[in-house]
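First the structure, then my questions, so here it is.
The letters A, B, C and D name the chains in turn, as written, and every chain counts its residues from 1.
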Amino acid sequence: MDGLSTDVELTDVQGGWDDRQLAIDKVGVKDIRYPIVVKDRREGIQHTIASVNMYVNLPHQFKGTHMSRFLEVLAEHKRAISVESLPELLRHIQQRLSAEEAHIELQFPYFIRKEAPVSKAAAMMDYQVRFVAGMRGDRFHMTLGVVVPVTTLCPCSKEISERGAHNQRSHVAVDVRFKQFVWIEEVIEWVEKNASCELYPVLKRPDEKAVTEKAYDNPRFVEDMVRGVAADLLADPRIRWFRVTSENFESIHNHSAYALIERDKEGRTSCAFPAV
Amino acid sequence: MDGLSTDVELTDVQGGWDDRQLAIDKVGVKDIRYPIVVKDRREGIQHTIASVNMYVNLPHQFKGTHMSRFLEVLAEHKRAISVESLPELLRHIQQRLSAEEAHIELQFPYFIRKEAPVSKAAAMMDYQVRFVAGMRGDRFHMTLGVVVPVTTLCPCSKEISERGAHNQRSHVAVDVRFKQFVWIEEVIEWVEKNASCELYPVLKRPDEKAVTEKAYDNPRFVEDMVRGVAADLLADPRIRWFRVTSENFESIHNHSAYALIERDKEGRTSCAFPAV
Amino acid sequence: MDGLSTDVELTDVQGGWDDRQLAIDKVGVKDIRYPIVVKDRREGIQHTIASVNMYVNLPHQFKGTHMSRFLEVLAEHKRAISVESLPELLRHIQQRLSAEEAHIELQFPYFIRKEAPVSKAAAMMDYQVRFVAGMRGDRFHMTLGVVVPVTTLCPCSKEISERGAHNQRSHVAVDVRFKQFVWIEEVIEWVEKNASCELYPVLKRPDEKAVTEKAYDNPRFVEDMVRGVAADLLADPRIRWFRVTSENFESIHNHSAYALIERDKEGRTSCAFPAV
Amino acid sequence: MDGLSTDVELTDVQGGWDDRQLAIDKVGVKDIRYPIVVKDRREGIQHTIASVNMYVNLPHQFKGTHMSRFLEVLAEHKRAISVESLPELLRHIQQRLSAEEAHIELQFPYFIRKEAPVSKAAAMMDYQVRFVAGMRGDRFHMTLGVVVPVTTLCPCSKEISERGAHNQRSHVAVDVRFKQFVWIEEVIEWVEKNASCELYPVLKRPDEKAVTEKAYDNPRFVEDMVRGVAADLLADPRIRWFRVTSENFESIHNHSAYALIERDKEGRTSCAFPAV
């Protein structure tokens, strides 16, 4: 609702007319921090804090949108956020904002309990997750993004050196669009299995030996990292489109190595290189 | 515990001897993201995500510290984090790390449900909170920090202009050390009552009118902002030391205005200006 | 050159064969900080510091790329960086990396001397500029991006309030692709003329009065901000494609208002809403 | 000067009286980006971009300070910024702002041309430098800070593993106060000689072999990193006070290892642990 009876005296400036003939693709609120509950494959749910952006389209004749309604929709949404609940949240935005298109972006840390490989000592480890979703009329689309930190060890350094091999932490970011549900945990698994080694919050000495040797035995260029994940995503029939990037925070340089593969399995135009 | 029986073969390099005669002030782990539960004055508790640093001191004869134990302490801590629970957490670190001094820093968003001034439309709003605590032997110290975003409106702009007055969002950061317990909410109240106006997540038109006029009626230089809060902190007998800063993200410049007041009520040496 | 005679013993692991049949869209180096010289409409050139990313494509049969060559190309580039010099730099990358496609992204602060409107007191003010360019064979493309900070004042707040109107700093980001050369300064002018008021580094009292009243007389919703700039970009025949966003750091909320307009004047597929 | 003749009509609100009896420790402008020239040991000077904060103290009876004057002082300062020129700049701030104390903080990237150890292939590499200086009456103080990125390799991992050893990039931050001039380059050398290996912008294969083996032969815990640098700083009679920290972006964890040593050679009170 739009406030109290004094409202009748307060002009709705946003609701007025605009005559520049310019529709706006997205308008709304950005960088709201909000506590949310998300679905968790193992625990059912987990509590986290999201950074939220919410937008609608604005046809050319309208002067502005009613920003406060976005916050009200967010405050009213009681269900745990998940791929299944997002269409309802977007429909709610469409209705409250009287809009044809609604968009939402939620970025949040997601925690998984990880056990060290030998000692099984355990603690929580965080992964950055992003849900980007939209509804145009009844058509829903969503992109799931996960940033997975891993260890990568350099094949060249290993090959040419008599001892040791430089390695570093890498951030592998995977964005996927899918026909059937994909868990956040599955995306994480696709990345961790292709790395030199995965990360662990707690490592006792037998674990440290194990991960050091495993990384040494599984060297990966940044090119190998993205190719390994891309091959797995290509092979899974649920995935329609993906983009994989790996950023290695090189231990021997003050800059990163980086690689990107993007594929649209259904043959639509990729935006990777704009037409000249 | 330090792992499995194979441990007997794996040298404890960190436990070895160092002969450089150099004690280390702080050593440990930094930038761990972890889900925590904190005490909440209204709700009892709230879930949030903290960025955590944990350190101990290291006497000169020891080569290194056992980093994994910090994570284990964090994973085992089940109670809600609060000023009351921090001494126990620090003692736990002292014991597990066999250290004389233990330090912890937790930084997290803290949410309060705020109602708009006229319409009472409500949603959650976030404040950045920081607990910095340490234990040396049995001596406990703690600093509570809160960053409170507010509206400030410029007195000069109001005075010299025929219409309007520039205003902006400001971040007021308050750090306090106290003799008796102080709620996060109290620190927020000290800041919000001294601002041109406080912020609200949801504002309907009657609210927008109210906050616009209130800010106009209560102009504050960045100097007024810190003086107002400092006066309140000086007057409260529980506060032993404080530092207040205000950073105004000026709407008319591409830089900020900034002010700082720091006072130690018990007369100890302030570190504000180092001796030459 | 690839090093010394001992090179013959050091395996070129990156130059080896890969059989996964996966071409890589972009591979290279990211987040290099480097001093550069850029063309300046008034001064001829200015010195600044850029954050640089450089990539090439990698056909499926090659295992990896030779990262060090990117740094060598950057270190050798002596000319001032400009729209005119970028094709040569990209050709150089194509040759040194033996690649079909070369990409470069440079992000840097760009300074303009601004005089206050009444007193003419002057100093430098910074704008964030980004050059994103690529070469595929002989085909060159480039996107020029500029983030222009301005003042925006809310029309609704002005209309419904008896005194004052909330205002704030906004960041207007414009990305353009063009058929004929466009100066960074022109993009800045398109934004500043459409704002409630532009920013100035130095403001004496007569200037502060002038900008306060000017902003009050020119209220702009975030929707007006993007529509105003979009209209000017649509009208300029040199511009083929553009994206304009405005992010207002609201003085009355702890989040931002945001709007986006994107137009491809030549009718190619916009990537704004992915096909479902 | 404070503007034009119309100034006589525009109230100097900042110049007015305040009766709360609260002096302000620091007030001024923050986060100004400005092009500067700094002294360079090899080249004489280099151009860079600084983030600048400038403050003065404000006695209790004054309402506010005249912010625009800070920008004017910065715009007028033509000499290359260096330890030698800072006292003049601070005196200029004291005079223009009619203040007893003036403070300045400049943070900027500083570039050094580095040659790879075997091939001598060269390019520029950046280090983050910070000058923090103040003048109280005639008393000048300054702190020089440099963040030096290096490679560190873990002694424990090397000792207990049959092959390989985890390593990562580390950021070693050194802050020093000195009796006689110290070059930025000297601080960098103190850090780089104590690391497992220093970083290089360009590495051809013989260089990559050399740095991989060097790091392997020189394992360093985060504790060793700070102890090594601290020993060198203690030994240099020009250094009066220092703080060294090392942050290792662990390749096997999603958090950092961290250590800190702070020493005041002249025995003044350290602020490391606040009195309870």
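What we mean here is this: contacts are C-beta pairs under 8 Å (C-beta built on N, C-alpha and C of every residue); 3 or more make two chains touch, one makes a residue touch a chain.
Not measured: the values here are computed from a predicted model.
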Min route length, chain touch network, chain A to chain C, equals 1
Given over half shared residue numbers means same and under half means different, the chain B/chain C interface is same
Interface copy of A-D among A-C, C-D or B-C, with over half of contact pairs matching by residue number, is B-C
Two candidates, B-D and A-B; the one with more touching C-beta pairs is B-D
Relative to chain D, largest Cα-centroid distance belongs to chain A
Cα centre of chain A to Cα centre of chain B, whole Å, reads 29
Taking each chain's mean CA coordinate, chain B and chain C are separated, in whole Å, by 35
Chain centres from averaged Cα atoms put chain B and chain D apart, in whole Å, by 24
Touching two or more other chains in chain C are residues 10, 32-33, 126, 156, 160, 201, 203, 205, 209, 254-255
The answer for chain D against chain C in the complex is residues 2-4, 6-7, 10, 12, 32-35, 46-49, 68, 71-72, 74-75, 109, 111, 118-119, 121-124, 126, 201-207, 209
Touching chain C in the complex, chain B uses residues 125-126, 149, 151, 153-154, 156-158, 160-169, 197, 199-201, 203, 205, 208-209, 211-213, 215-217, 249-255
Counting only contacts in the complex, chain C reaches chain A at residues 10-11, 13-14, 18, 20, 22-33, 53, 55, 58, 63-65, 67, 101, 134, 136, 139-141, 143, 155-156, 159-160, 177, 221-224, 226-227, 230-231, 241, 247, 254-262, 268-269, 271-276
